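First the structure, then my questions, so here it is.
When the chains are written out, they are named A, B, C and D in that same order, and each has its own residue count from 1.
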Amino acid sequence: MNDADLGFARKILAEQPFSNLVGARLIAFGGGEATLELDIRQDLLQQNGYLHGGILSYAADNALTFAAGTVAGASVLTTGFTIDYLRPATGTLLRSHGWVVRSGRSRVVCRCDLFAVDEEGAETLCAVAQGTISVLPPSNGS
Amino acid sequence: MNDADLGFARKILAEQPFSNLVGARLIAFGGGEATLELDIRQDLLQQNGYLHGGILSYAADNALTFAAGTVAGASVLTTGFTIDYLRPATGTLLRSHGWVVRSGRSRVVCRCDLFAVDEEGAETLCAVAQGTISVLPPSNGS
Amino acid sequence: MNDADLGFARKILAEQPFSNLVGARLIAFGGGEATLELDIRQDLLQQNGYLHGGILSYAADNALTFAAGTVAGASVLTTGFTIDYLRPATGTLLRSHGWVVRSGRSRVVCRCDLFAVDEEGAETLCAVAQGTISVLPPSNGS
Amino acid sequence: MNDADLGFARKILAEQPFSNLVGARLIAFGGGEATLELDIRQDLLQQNGYLHGGILSYAADNALTFAAGTVAGASVLTTGFTIDYLRPATGTLLRSHGWVVRSGRSRVVCRCDLFAVDEEGAETLCAVAQGTISVLPPSNGS
């Protein structure tokens, strides 16, 4: 991982109002991998006290996209993904780790593991995802 | 649609802190269909001014689950889904319409269309989803 | 549907050795939709006497691709899809109906319904799919 | 891997007429993993000389199911999966390797990597999949 790259990626994340709303932080970015974390706050839960599935899917979407960004740059667009929930997510924080499976010229395919982390730092795998990110062609002109 | 059912479903949605955070409203619930709406607010966007993909995936997840709930009751759990993004979502509100494709004893499969709606009420399809919802077995005893 | 188009699409299907092996026929092709059929033969089953899931996924893959071909021409490539199985498929034939949900410049998103059809012609929905088809850019030069 | 288990799993594969038709072989089975292989024969291709996507999806479906079978026994049923194609598959044989990500009481989630293998035995990753397998409850009585 290159510190300059991590700094640039964090700047993009900071420009996403929704990522700010849910408190997402970029922990690692580089070499085909990206890790996103967010605190499991009360206002991110569903009715049974678990992290809402929609937050897990947000964290999958964004980690997939940033992982692709490590190889394809900032002009990427997630075109779709699949998520399977494995266990209710509880604990201190959610860690979403995405990595590149195949990087093509116009399309990057990534996978993502989502962990609930408790106070002692123990990880529990709570969801897995797989998705496709489009690499936008360079715009003509300027 | 039965008004009592819609009221009950809205009560469950109101018990989801994350749904409150993003301002989701249940517009329709019954007969194998559920419609969720939320305002396209500034704090739900990504860095280019479009609705964040994570909000679309939240709205897909929840509309799929509520659609399943119309046939299977409150003891349901979304086990996974796929979403394909079609167009950037902009406008006034996001409308997520889920419906049941097949309702089995232990599993309900649903589809979902997500529309961006502009000030005049015109809908633009911006994402499609498909997912599986597990029906929890009745607990033994109490 | 245009008869010339259907004829052209059938020619492509006939050039797929695997489609010949499983006996696939193109029944309709045009206007954003394609329908594929194949007889539920003994050699396409799994161990319990139902049509093998792999045949259903083949029929989904191909109907999604041909549906995209109705709007995007022959230079298309399925990049991925999701299938959910709903019921065991038995009966006389499998009918796989794909249709375009969104046709973009470089990417077409389609859905597909798969029906088992009995001797009287009654359809039973046995699987649903959703997938993405890439439109290949015109090659430069020759 | 236990030889008895591999033998039992091969017996089930041999009872699938469609697996016989395409020439699938079970190479490994046990400890949460299963590997399936098949020769890249002429009659399994599509119109451009590559292995048909439908064969890749068959091999994903079956490797996912057998991987789940290593932890959940023979009473399993694939309920759905997602496949992303990465590269055209050519060469000598297709190797489909599935493994368990999470084994629950009623549901097993697996991933799968599909490799095209050339004459020298070199593997090229050509597709990735993720799917859910239901564990059937023991039948009552008879």
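Just so it is clear, contacts are C-beta pairs under 8 Å (C-beta built on N, C-alpha and C of every residue); 3 or more make two chains touch, one makes a residue touch a chain.
Since we're looking at a predicted model, the values are computed, not measured.
Over half of the residue numbers at the interface between copies chain C and chain D are found on both sides, making the touching surfaces mostly the same.
Centroid distances from chain D, each centroid being the mean of CA atoms, peak for B.
Here the CA centre of chain B is 28 Å from the CA centre of chain C.
Each chain gets a centre from the mean of its Cα atoms; for chain C and chain D, those two points are 21 Å apart.
Note: centroid distance chain A to chain C, computed from Cα atoms, is 33 Å. Chain A has residues 79-80, 82, 84, 109, 132 in contact with two or more other chains. Residues 79-80, 82, 106-107, 109, 132, 134 of chain C touch chain A in their complex. Residues of chain C that touch chain B in their complex: 82, 84, 86-87, 101-102, 104, 109, 111, 125, 128-130, 132. Note for the complex: chain A touches chain B at residues 12, 15-22, 42-47, 52-55, 57-62, 65, 77-85.
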